[in-house]
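Heads up, there are several structures right after this.
Same chain, two partners: chain A is paired with chain B first, then with chain C.
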Partner chain A sequence: MTIALALDAGLALLVLGVALWTIGAGPTFAAVVGFVAFGLLLALVWVRLAAVDVALTEAAIGSGVTGAVLIAAAARLRPTEPQSVGERPGATMRLVAALLSVLVFAGLAGIVLFPADPAPTLGPAAAAHLPELDVGNPVTAVLLAYRSVDTLLEKVVLLLALVGVWSLAPDRFWGGAPGVLRPARPDGALALLGRVLPPIGIVVGVYILWVGAIAPGGAFQAAATLAAMWLLVMIAGLRDPPETRLRSLRLLLVAGPAVFLAVGLAGFALPDGFLSYPVGHAKPIIIAIEAVLTLSIAVILGLLVAGPPERERQR
Partner chain B sequence: MNAATLYGLCGAALVGLGLYGTIVHPQPLRKILAFNLLGGGVFLQFGVIARRGAAAGMGGDPVPQAMVITGIVVAFSATALAVALVLRLFQETGKATLGSEPPASPARDGEGAGR
Partner chain C sequence: MRALLDIVTVLAVLAGAVFFLAGTVGLLRFPDSLTRLHALTKADNLGLGLVVLGLLPQVDGALAALKLVAIWLLAQLAGATVSQMIARSMRRDGQRA
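This part shows the complex of A and B:
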């Protein structure tokens, strides 16, 4: 066993250990903290699997932004925890669930241990057209050129999720601002961090977006970084979440998907079909789409964490 | 045994663990957490397939990798919506339970715990 494989085994055990903690821990808050650690460890696994783009996304969105939503929810639901003790399923139910889980594990393990040979791959096909697109990062090429319709629909999913969250607000709060994330002391360390970090974070976010065309990075990762900076400012109490009725805010939300869709429809007129780019101009178009998308995704992510409106509209 | 196989087994175990937690935990928030673990396991399996498909000088097949990125974002959207639903349930009833029967404790139905 080589040293690298031993380290991989250690990392895999660590991931499983934290996952066990997330399932088994008593207080929900402890389980959520375990989940955030799980996400960061999983990001390391993605690096080991040579998928740095996925690692960035997992760390930023799978662990970071999801963790923020779950931690806030766990803190608010703490009073309900004693009630749920009596609702635990009986031993038979747990045994059946365990058996089913082991069965699913065995099936998946079988697929892993006896894989198809040769392994199926679309790598050569993806590499073949990279020079035409002038995009060096094959993952970005898949996301915004070969399979751009997936990415477009996913933006719509994000937008629909936000509409769903907003529509859970009571009628009298519709159009109002989301609740204050956490009352912070104005002179606390968080307030200082909220002033010092965002300028650096914004530069890092823009860099991740720009470099995504040729190296790991891209719109999602950049948007998550920008959203994190915005959330930091809101949590530190330096800025309130905006009122959700603002026209400018809503325009910003739909700008990304709208520009993407417009470029897609223009493909009918200029090149040869939906979401096709004119030869020789692919890269500037891709970068432009990504820039607008980044802004929209950042605002959507921030508002999804902030939750439904909880304050009345101000006159 | 190589690294891809190792992480593939790890992903399979995560799917099993997540499935167990989703079924067994009574609290909706714990179910959401467990379901996210399950999703992480599925993504990892896909990542292993991508790693095995390494070709043309790339470390892995970029198509499954891009789909996993899309998947992570969609999983986050679903999680945020599910959490908002649970919080709204708590606001309306003062409880966060999926049980159909009213709990044994004195009911506070109707008045609600929302602000």
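This part shows the complex of A and C:
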């Protein structure tokens, strides 16, 4: 018990230390590296809190995909970075940031020092209806049954984010292909990894999706794994990013949310309302939705990292 | 039998931890990036390999054991690739620091 406590305390201090280091890091790239390390350590914290689903998501999305987006952003900012080093936010901005930080800190401290007893929880309610859904993982049940509207809206937000990224492209590149993140020589070690890893990664991604019904895993983590494999192939220079005007690509992007929405609307006709599943068929429907969602999210995440179109469309 | 397997675990994981410690000391103390990379790969390959070896007697079922070994192999693949890329980018930029 005490050894576990000491390890947890060490982990917590490490997370705080890396967070402080990341804020204080000078070059943007160093700060991004700090952020990725911070995310991976945070995933370990979630594992220690027995929230393995959250840990997987933190590692895949919070650290992995977001880290890749930030690295791409840091690479784009590099030419202008020397001029911006001396810039500091104004006094008002710093004051507001400090006040908000103190507020968040006070809120957290309040929760830790004066915890509600008993702690409010929906855990028993979530577990009580698992047999009806035939889904073993309560997190999946919450995401795709109890609170499926939230998940549906979240997917639409992802699409909007991609539209936002694409909107950064100049008019003449609209519909063209995103720039390759970093041209690499095709004979390098990266190209080897780009050939060896994707078959393994795709199997892992499908496994994470499938196992999500009964154990930690699910559509988002699976999609992040698949997106990482696709990005690896693109970064290694084995395949070019697709043109964003392609009809097939755009169909893939909306397929997940569209199927989700169609199932939701069918709920009006069959059982008893939006996004309700017919009794006894919940699990196959949930897995079908998750499978299509995984494909769409994977393409969306890949294109989010690939960035706005940077090449003229081919005739 | 159980006690023997536990002893194997403790010894192998301890040996792995020693390699991680050595790799970390090397990362902090070695003079340039190439030697620091060299120190890190020891921690990745041998250290993680020994930790995985030590955990193998503790898992139940061949599938879990296979997963552990797969993690070690994937970490090696990623580590080797990243080391190559860092070393190559250093040679290209002519940095020795």
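Note that the second predicted complex is superposed on the first by the 296 of 315 C-alpha atoms of A that agree within 3 Å, B and C clash if a C-alpha of one lies under 4 Å from a C-alpha of the other, contacts with A are read in each partner's own complex, and residues count from 1 in each chain.
Throughout what follows, contacts are C-beta pairs under 8 Å (C-beta built on N, C-alpha and C of every residue); 3 or more make two chains touch, one makes a residue touch a chain.
On a predicted model such as this, the values are computed, not experimentally measured, just so you know.
Legend: residue contacts after superposition of the two complexes on their common chain; A:Ile3 is shown touching neither chain B nor chain C. In the superposition on chain A, no contact is made by A:Ala91 with either chain B or chain C. By the document's definition of touching, of the two partners only chain C reaches A:Leu197; chain B does not.
Looking at the shared chain after the overlay, A:Ala269 reaches neither chain B nor chain C.
Of the two partner chains, chain C is the only one that A:Ala189 touches; chain B does not reach it.
Within the superposed three-chain arrangement, the count of touched residues of chain A is higher for B, of the candidates chain B and chain C. In the overlay built on the shared chain, the residue A:Gly62 is in contact with chain B alone; chain C does not reach it.
Residue overlap on chain A between the chain B contacts of one complex and the chain C contacts of the other is empty. Remark: chain B residues 1-21, 23-27, 29-30, 32-34, 36-37, 40, 43-45, 47-63, 65-70, 72-81, 83-88, 90, 94-97, 99, 103-105, 114 touch chain A in the complex.
Those residues of chain A lying in contact with chain B across their complex are 4-5, 8-9, 12, 15-16, 19-20, 22-23, 28, 31-32, 35, 38-39, 42, 45-46, 48-51, 53-54, 57-58, 61-62, 65-66, 69-70, 73-74, 76-77, 80-81, 83-84, 86-89, 93-94, 97-98, 100-102, 104-105, 108-109, 111-113, 115, 119-124, 126-127, 138-139, 141-143, 146-147, 150-151, 154, 157-158, 160-161, 164-165, 168, 170, 220, 301, 304-305, 307-308. Interface residues of chain C, counted against chain A in their complex, comprise 70, 74, 77-78, 80-81, 84-85, 88. Chain A meets chain C in the complex at residues 188-190, 192-193, 196-197, 200.
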